[in-house]
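A short worksheet on the structure shown next.
Residue numbering begins at 1 within each chain, and the chains themselves are lettered A, B, C and D in the order written.
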Amino acid sequence: MDQHETTRRDFLKAGLVTAAATALGSGIVKPVGLWAATPNIKGPIKIGYLTVLSGTLAGYGEFHKMGALMGVEEINAAGGIAGNKVELEIRDSTLAAPACIQNARYFVDSWGADFLAGVDSSGQALALAPVVGELDRVLMVTHAATEKLTEDEVFKKGIKQVFRICTPTYQDGNAAAFVAKDLPVNTWATINPKYEYGYTTWNMFKDTLGKLKPGVKFTAESWAPFGTTDFRPHINTIMDAKPEGLYSVVWAGELITLVKQAKQAGLFDKIKHVMFPVGAAMDVLEGLGPEMPDNIWISGRYFFLYPDSDRNKEFVARFHKRWNHYPAYVSETAYSTMYAFKKAVEAAGSKETGKVVDALAGMELDSPAGHRVFRKEDHQAMYEVPWGLTKADPKYPFKIMGKQIVIPAKEFFNRPPFEGPGTHPPFKDSK
Amino acid sequence: MNQYWKYFLMLGCLGALVGIGFVSGPFVLYLATRIMILCIFALGYNLLLGRTGLLSFGHAAFFAIGAYGLAITSIHISAHPLLGILIGVTAAALLSLCIGFFCVRHTEIYFAMLTLAFGMMVFALIWNLRSITGGDDGLYGISRTAISLGIVNIPIRKDYQFYYFVLLFFVASVFLIHRIYSSPFGLALAGIRENHIRAEFAGLSVKAYRLGVFTVSGAFAGLAGSLSALLESNVAPFSAHWSHSAEPVLVSLIGGLQTFSGPLVGSIVFVALREVLQRFTYNWMFWFGVLLLAIIIGFRGGIVGSISDAFRKYSRP
Amino acid sequence: MGESLLDVRMLNKAFGSIVTARDLNFSLCRGVITSIIGPNGAGKSTLINVLTGLLAADSGEIWFQGREVTREPIHRRVKLGLGRSFQVVNVFGNLTLFENLAIPVLALNRRAKGMIRSIAHLKEVREDVEMVLTQVGLIDEAYMVARSLSHGDQRLLEVAIALAAKPRLLFLDEPTAGMNPVERSRILETIRELSQTGEVTFAIVEHDMDIVFSLSDRVIALHKGKIIGDGSPDQIKMNPQVREVYLGEEVA
Amino acid sequence: MLQSLVHVCLAGISAGMFIWLVASGLTLVFGVLRVLNFAHGSFYMLGAYLCFAVLKAMGGNFWLGLLLGPLVVSMVGYVMERYLLRLVYHLELPYQLLLTFAMVLIFDDLVKMIWGAGSIGSPAVPGLSGSVSIAGREFPVYNLFIIAVGPLVALGLYGLLEKTWWGRIVRASASDREMALSIGVNVPLLYSGVFMFGAWLSAVGGALAVPYVGLLTTGMGEAIIISAFIVVVIGGLGSLKGAFLGSLIVGLLSSFGTRFMPMLDMFLTFGLMAAVLLWRPQGFFAEG
């Protein structure tokens, strides 16, 4: 059976039920409490979601969809946002900027969206930022990680409608360096994606690690173009350089391929310390299963076993029951986005963009991934995601994080104004 | 009689286009602007494909150069949109002249493959020259500043203002390309398509004409690229990818290769179809493919070609 | 003989082991209708292809009106006045007759190169086209699509396209092939008339010996890439070598 | 340094053989049908997915999947040739390309509808999963297997085309369609046969690529088809010998390029393609 159809139909069903419930409820139950005082929120709250649903990375879109749908269903079942039903529409925005912009404009100008969320590629996020500024709608980015979005577009150019709920490249570059500084490794090499994400994270890793551990050397770089299916030539480059540590932000399906091919080449026997900043993504862990070697450093934008809180455990249990999957990081960020909108609208007492922006800036959100704070200056959510060493666990058919290291967000997130001394880690006040 | 109808139809279309700017919501305006830009791209392209019979997979490169030309001008030199467009179009024309010089030695599949190779080399360059092009992030935040003409400043920032700005270029392009079709140059191109050996023996330098039309269509691709950079406020390397070159091919074939207005109708169908399909299904690619098959097999002369054939058949007996 | 138009010196052309021109030397003179004959595979069509530029010569020189054109591209030879028609119908099938002829007329007309002015507004072009159409008797079909003409009319159009390029020397490759007697006499009449004006000189490849001997002033017989006979029709009829390899076959 | 060179070569050869498996069918189809089939990459993807589906259904036997999956794909190829391509042979090049392009869209979404959008990890092939040490570095046995399979396919094709009656017919129609018709060859049947065989080859390529790449994704066909196009062009459109050597060159070029000229990557292969088209359009290896 086609997965889209089921989810879409389920979603429609859920929508109809909640619509009926609100229609009935409004006659019988009087709005109480906070919402009674907010008559200026009218009609359904419409959220337009932009993600990739075709091509090689369409699986990410599916994970976005699961999280977002579940969030909306829960919120609607509990009475919606400020008593209003939430409507969600998801559109295939591919990985290209024009499709993303067209969909955003459709959502706002034609469908009447109050909020926008999603966005997978950094290029899309950067292209979309000025557009949402013009459209004057809040955009919550749930996947694209480029630090330029929050540092340049939000902080420097003042596009205040843009927020980001997932960790940016700081997690991949800076936090990795904090983990790497305590490893007995003096020479590092990389196989990184041949695009901005790869260049940026590797530079961040080099800068921060260079400051944390002077004398460490970076001996080889091999850049893999988007869509690489044969990493053997890159693995050769790295093995010729004989580094002690390997760092790679290759992600999604390509990481599965890289790990399998590196294993066949005996790379993990020769290089003892390997870091995959996006290795804790569910598609990678599930795709590799037992083939993921032990004792690899992995991280992500969220890992379903962290934090060990009731909120998270319940979320994971419900998600697993609903979709028969463990939540991927984009599922969590999409899910929490719905709650972030709910909290902000209810706090603002309005769904007007200006007021919601004010409510969101500086807002704290208790989410499955833990306690998030949307930093006022750059609208970046501050929260922790662990780095951990892979190990097998009989409870799961894939590797999970064994030993974990959690670095506080304020220690490795770049700080405003993002230029000059004291804006890049390590910070003096944190030791 | 026929002529009057044509003028009437043209005036009606023009009136409708002007009217859209007054009455439409912003999304329709945006789509209409996009369709007009695609029209410029496809009309120019069809000079090459439909008129001269050459299939190029490299025109995305010229589109991208036009867009990057405008973006780089606007970031580093001057945000004057007309200057950006001028530089974008000139750059695209020069590049197509250079690439065309090599490509017009061949025809058919060899020409298609050669343009594919050169186009992808441009794509690789754009992807790798990060300091100039911004790599895969592209260049973003291109602003639509007012056009200053000495004393008056014409704003194009708002959607409807920009719509009229593009409409102006659209009408000019349609007019220009229509003139090219009925000009000696245009006739020579048709002759080359029909029979290039005969054309050579009629005294035409076939290579020179092919290079000429390649450059002209490259310039129009560049114009479309510049306008699209202004519309979307960004430019990304995928605009140079070969799959983007397939867009004007699709549009021309949908509308009809051998007709002047084919690309116009094709652009509308292409953009509208995708937009409408997306409202009903996540599997829009599947249905788009099916409809394409139906058009290729059912309407061999494209939509315009088939309709006018049918009309002719109907009216004759 | 009159002034020489085309001079061929030591021309060679071969495809692998098949020689189609070996050390050919000859001249074609103004006002002299020359026929080139020879059995199938004698190299007649190849010779025209080399002389007009469709094929490159292996060695040797081609001079036209005192200019070497051996390496000139086709279109430049055409502009110098070296035209041809083809053995099979070779017209612009989907264009009207008017357009078919406008293409060569425009190619010659410097002022008619533009991209902006409509053809309909170029008066001198229309006059030239109409003149040629009248010459070949196709003026009434001017706005028909070439494909829809009868075979014979398409052959006429073929010659007309070549004429419209204002050639000084025109090669006709089997101009009467596939024509009915009426069409045939019309095209022969046209050739004679034009030849008499002295503006166009004809060189004809033809299989029909009646036509060859009635039309030509001079006949060149080719065999295996070599000239085996050259002279007036009567001389050729008497030439023993020609009789042996060519006429002999036919008689037998 | 020796170790490095040996492994760069090995990586290049194995990459080349993966491309060859796809390019061989593309070349064959182009040589006979004169149609450049964009959907050839879709057959590669379908081969991979169907092999995987059989493997799942039949208890994990890869070889059974390799046998059955591509057979199903060749049936798909038959349907496509018989009921769609045949309608456009007489049309111009753009129509043919567009038809196969539309098929790419359809196949991509069909695969997504049937198997879901996410990438699927695939298991290694039992018996070929280990590595052997060559010049002091591990090299996968599976890739050695592929390096052997490539030339075997080439030999098989050579034998088929040069030594069998069927092959002579194919070659005759490739060089002269009219002639083939006039000597009474059943051209429609021949076209269907060649197209099915090409689809089968591509599907085998897809099925064989999966254990090495390690996963299946929708859209996996698009990446390979462009490499295959490059190879077919470098080899001289329609020449199998050229395509085989072209595959080796492209594989080695990308391997050496990655190792020694990393910033050039795509530029190198497309540059080579343009150079061949400009100076030797009949292909690198054509005689004369």
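In the analysis below, contacts are C-beta pairs under 8 Å (C-beta built on N, C-alpha and C of every residue); 3 or more make two chains touch, one makes a residue touch a chain.
Quick caveat, the model's predicted, so the values are computed rather than measured.
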For chain A and chain D, chains touching each = B
Remark   = Chains adjacent to chain A and to chain C under the stated definition are B
Inquiry  = Please identify the chain lying most centrally, where each chain is represented by the average of its Cα atoms.
reply    = B
Note = Greatest Cα-centre separation from chain A belongs to chain C
Ask   = Between chain A and chain B, what is the separation of their C-alpha centroids in Å?
value = 37
Message = Could you work out how far the Cα centre of chain B sits from that of chain C, in whole Å?
response = 42
Message = Averaging over Cα atoms per chain, report the distance between chain B and chain D in Å.
response = 33
Ask   = In whole angstrom, how far does the Cα centroid of chain C sit from the Cα centroid of chain D?
value = 49
Request  = Hunt down the residues of chain C that sit against at least two other chains at once, touch-wise.
outcome  = none
Remark   = Flagged in chain B as touching 2+ other chains are 127, 283, 285
In chain A, residues with contacts to at least two other chains = 4, 53-54, 194
Task = Sort the chain contact graph into one of these: line, ring, star, complete or other.
result = other
Inquiry  = On the basis of the stated criterion, which chains touch which? Give every pair.
reply    = A-B, A-D, B-C, B-D
Query = If you look only at chain D, which of its residues touch chain B in the complex?
reply = 36, 84, 87-88, 91-95, 97-99, 101-106, 108-110, 112-113, 226, 229-230, 233, 237, 263, 265-267, 270-271, 273-274, 277-278, 281
Ask   = Which residues, counting only chain C, touch chain B once they are in their complex?
value = 52, 54, 73-76, 78-79, 83-84, 86, 90-95, 99, 102-104, 106-109, 112-120, 122, 125, 161-162, 164-165
Query = Where on chain B does chain D make contact in their complex?
reply = 49, 53, 55, 102, 105-106, 108-110, 112-114, 116-118, 120-121, 123-125, 127-128, 242, 246, 249-250, 252-253, 257, 283, 285-286, 288-290, 292-293, 296-297, 300
Request  = Within their complex, state which residues of chain B touch chain C.
outcome  = 176, 179-180, 182-188, 190-191, 194-195, 197-206, 216, 258
Inquiry  = Using the touch definition from the top, list the residues of chain A that touch chain B in their complex.
reply    = 4, 8, 53-54, 91-92, 96-98, 101-103, 105-106, 108-110, 122-123, 126-127, 129-131, 146, 148, 153, 157, 194-196, 199, 226
